[in-house]
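Order as written gives the chain letters A, B, C and D; numbering starts at 1 within each chain.
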Amino acid sequence: MKTIESLDIESLFTLFEESSLSEFELATEHYEVKMKRTPTAEAAKGTVPAPETKPAEPGEEVEVITSPIVGTFYLTPAPDAPPYVAIGSTVGKGDVLCTIEAMKLMNQLEAEFACQIVRVLAKPEAMVEFGAPLFEVKRL
Amino acid sequence: MIEKILIANRGEIALRIVRACKDLGIKSVVAHSTVDRDTMAVEFADEHVCIGSGPTGESYLQADNIIMAACLTRCDAIHPGIGFLSENAAFAKQVEEAGLAFIGPASDTIALVGNKVAARRIARKAGVPITPGGEEALIDLDDALRIAGSLGYPVIIKASAGGGGRGMRIVRDEEGMANAYALAKKEALLFFADGELHLERYIQNPRHVEVQLLADGHGAVVHLGERDCSVQKRHQKLFEESPAPRLSEAMREAMASASVALFRALGYRGAGTVEFLVDGPSFYFMEVNARLQVEHPVSELVSGVDLVRAQIEIAQGKGLGLSQADIHLTGYALECRINAQGAGTLTRVRMPSGPQVRVDTFLESGSVLSPHYDSLLAKVIVSAKSRDEGLAVMERALDEVIIDGVETNLGEQRQILASKLFRCGTVTTGLYGEVITQRKNHG
Amino acid sequence: MIEKILIANRGEIALRIVRACKDLGIKSVVAHSTVDRDTMAVEFADEHVCIGSGPTGESYLQADNIIMAACLTRCDAIHPGIGFLSENAAFAKQVEEAGLAFIGPASDTIALVGNKVAARRIARKAGVPITPGGEEALIDLDDALRIAGSLGYPVIIKASAGGGGRGMRIVRDEEGMANAYALAKKEALLFFADGELHLERYIQNPRHVEVQLLADGHGAVVHLGERDCSVQKRHQKLFEESPAPRLSEAMREAMASASVALFRALGYRGAGTVEFLVDGPSFYFMEVNARLQVEHPVSELVSGVDLVRAQIEIAQGKGLGLSQADIHLTGYALECRINAQGAGTLTRVRMPSGPQVRVDTFLESGSVLSPHYDSLLAKVIVSAKSRDEGLAVMERALDEVIIDGVETNLGEQRQILASKLFRCGTVTTGLYGEVITQRKNHG
Amino acid sequence: MKTIESLDIESLFTLFEESSLSEFELATEHYEVKMKRTPTAEAAKGTVPAPETKPAEPGEEVEVITSPIVGTFYLTPAPDAPPYVAIGSTVGKGDVLCTIEAMKLMNQLEAEFACQIVRVLAKPEAMVEFGAPLFEVKRL
């Protein structure tokens, strides 16, 4: 237990954080402290402080690449050719990820940014609609 | 045989077509934008394919995505609905070339009647009265001045490829011609990518009457009577009714025969409408709508013919299976369009029900109205033995409507319905102005 | 001339009558219980009067309060709706004596047809076939045994004043008679305060077909065709359709003529129904329903006649204004009753809409269903060119229905609609048992 | 229990938290402290004690007598007779309060308990429906 005199500033912060106070002022012989909190929607719901959100590190961000058109999804440029990409592949910006066949044209979908393929989400040779998820990737 | 139809549309008309498919035991696929994922048409269809994002240019006008969606879901046909690609000859041709049935007229017919000058020429040949005016496209401003001089002012300049009031300019005297010509040309290029203009005598506050037809493309043509669509606000129809009130039997019959003759001349296939302007004792051909129309339920109720079903059956090549003698027009029908005046969430929707009332809508409490699309919320259609009875039923039906969350035109529609002008059946395109605008100014 | 009508009923039928009043330009007053204050009928009526608390005995059966409400709000007439006091001769008489028009038959007619023995006697006189059996009330058990012996078992004992399955007992052999006789007597006394019984030959799984009539009390009688109401669960009708499927033209006509003859013999005034049992090639008079029926919309859709409007016009003494030649029965109509299986708040209600669909309901999202009243939530009625088409439209309509918050019979209704027995039109009162009960047992 | 002087800051927070106070200030020889809380919806429901509802005293209870039937309300037994009751009248159980005419009968409505008339809520000679408020009374 701490007396007012022996308080350290960290304890004061913790106390204030865990309280429901919106303002706190203290003046002692040696110092003056003033704390104020604008109640947020979150805080208003309860006294629990918002969990600390850890910003994702660049390499960990997972994004989904979706189909810009309606068509048939192909992972390979030709029936017995190797696939453009596989799980774990890294591709550069502009590299071809897959083909989507529409109106008898093979539309090559290029990566808009360098990334690593985490998962293939669409089924090869199946129909994809607009916005259908194709790949889960990590931005590099 | 058509077993599965892709519906390239949204809103109430997409739902209307899904319902017709269900009634016929045909599978339906709704092609929809990302915004329309949670609409009733998508919910009730057998399948659905997202074809693009909210803006119509990125979804409902994406011909390639629509055709691919139809092919990949193994549809036999595409129903374009109303608006969007429904009167786009190039799209119809693309559908035909993909080996799919286009539920509508042949692409050539769409192209033909899409050009107002060409359509007027065919109409005249088929013996359909047309407004006095140039049957040829205008060459230049001088040509316009010369023709207007011989017709007498006021005249109206129209974009040959136009519609919906765009590329149209009324010219009241010689001095106004240069400016009007330039503006109409600019709009025609902007909206229709086609600067061709023509010029007709302008009819002030005419009635707008149209004849509904069905044809099988092999010579069988029937009409389902006419609809009066005069009550409009800025060229947008508000009320439609059949039979048209205060129209002589002679004109009614002449209009119907002229329309049938025109459709025969066109070798038309599918459902379509011939629109006329009525000016006192005369009527003039305005245009052909080579598609279903929003107000089609009015004709369904007086004829007992399901137009969407008929469209599909015609596309199946079954022939019309109907002769004019099979069409018995009985009673009266009236449609009231309820439009939104803004986007938002419909916090509460209560539509009317009960006897003599049909509601075509795709909205319910909680539906979100996207700003991307047109403002039609619901069509309330009543059937009755007579016009007087029909007006009473419509009044009752509109009294039951509650729409909370967005502004609507319900108040205005109730005012029009209650107005003396409308009650008496003296309807013209000037009615809205007289009932609503003037009341506001006096109020 | 009737200018204002008090509606002594609730729920969808009260709303139905309010709507008819609005269509006719007649003012309406809804007499309601404390529980029904927030229902649509009350909301849409011009006025409303609270006549008592929730239990029907304390409100909708309170004749004095109802008549006072009519007098004090200056009504000219009382519409009793369906159920409650609608077939109560004493109430009708009280209404007549208060100088008000009773929208229904004369009180004498109600009294006459309310006694099953008397009704059978009149029917036989009018040439209407009746089930073999005693045309006289049973004197005692010995009398019952004697008659049953001559008819052959099984027989059915019925309360002469009865209805709705109460006071009815099927007797399969001599040994069962004593017990059945005692129970029927007890129930007859309990429910109808009248111990009179009679006995008929019992027909196993018959069809239930009824003829809808309109008469003006001055000799003009028309029929609007028949309705098949065979699909029932414990004497409660589930589906009603017109025309009755698989009924020979000869029987259809014989039934209609017999009904017209009976109504003429009765000097009947208003809307009414003659119910028949159909057993193979024979049909037998069952009873007269001297009132509107829940399933009346079915006949409205095939005949184009608004029955509630007709009731009011007849009560106005206008005469029928219709001869049989004016009635054109066209197409097909089918009603599906959606019933609750418990009380509660309807958290979400979505009723079907669109072409060929009529919905009669008084409920919307948020409505509270009181345990005091019957379980009818909504009637979905479809019209079509043929039965096959009608079944498809009904299937589509039921697929659109969402009712959350209380249990309903929707699942069962969908099952019946999809069943082979129903699809083939081989409907009998045993259909529900065969489709639902047996499936459950096997499931 | 702690004297003011010996208070530690944690106790102060706890005390404040558990109280319904929105502000607290304390100045001692050695320090000054000020605490403030913006009441949130949550807090309002929680720590604030519900206001004490004062039970009405027997004589003050106001009740409404309603119509048991549909009819015409009369305050007098006959057109020129004096009214059964007036504002301020006290009536005993079983005393007649008014007449409601229905089906040509004059139905006398009797008081179910002794009471004093505070207000007449229905309009004489007007229609009353079931449940229509007729009198506001104080039970005696």
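By our rule, a residue touches a chain if its C-beta (ideal position, glycine included) is under 8 Å from a C-beta of that chain, and two chains touch if they have at least 3 such contacts.
Just so you know, these numbers come straight off a predicted model, no measurement behind them.
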Chain separated most widely from subunit A, comparing mean CA positions: C
Report the inter-chain centroid distance for subunit B and subunit D in whole angstrom, where each centroid is the mean of the CA atoms. 62
I'd like the Å distance between the centres of subunit A and subunit C, where a centre is the mean of that chain's Cα atoms. 64
Rounded Å distance, subunit C centre to subunit D centre (Cα mean): 48
I'd like to verify one number: the distance from the centre of subunit B to the centre of subunit C, where each centre is the average of its C-alpha atoms, in whole angstrom. 43
What topology does the chain touch graph have (line, ring, star, complete, other)? ring
Each pair of chains that touches is included here, namely A-B, A-D, B-C, C-D
Complex interface listing, subunit C residues touching subunit B: 15-16, 19-20, 22-25, 40, 44, 297, 300, 304, 306, 330-331, 350-351, 353-361, 364-365, 385, 389, 392-393, 395-396, 399-400
Sort out for me which residues of subunit D touch subunit C in the complex. 69-72, 102-103, 127, 129-132
Give every residue of subunit D touching subunit A within the complex, in rising order. 6-10, 13, 16-17, 30-38, 40-43
What residues of subunit B sit close enough to touch subunit A in their complex? 34, 49-53, 59, 64-69, 72-73
Contacts from subunit A onto subunit D in the complex sit at residues 1-5, 7, 11-12, 15, 19-29, 39, 43-46
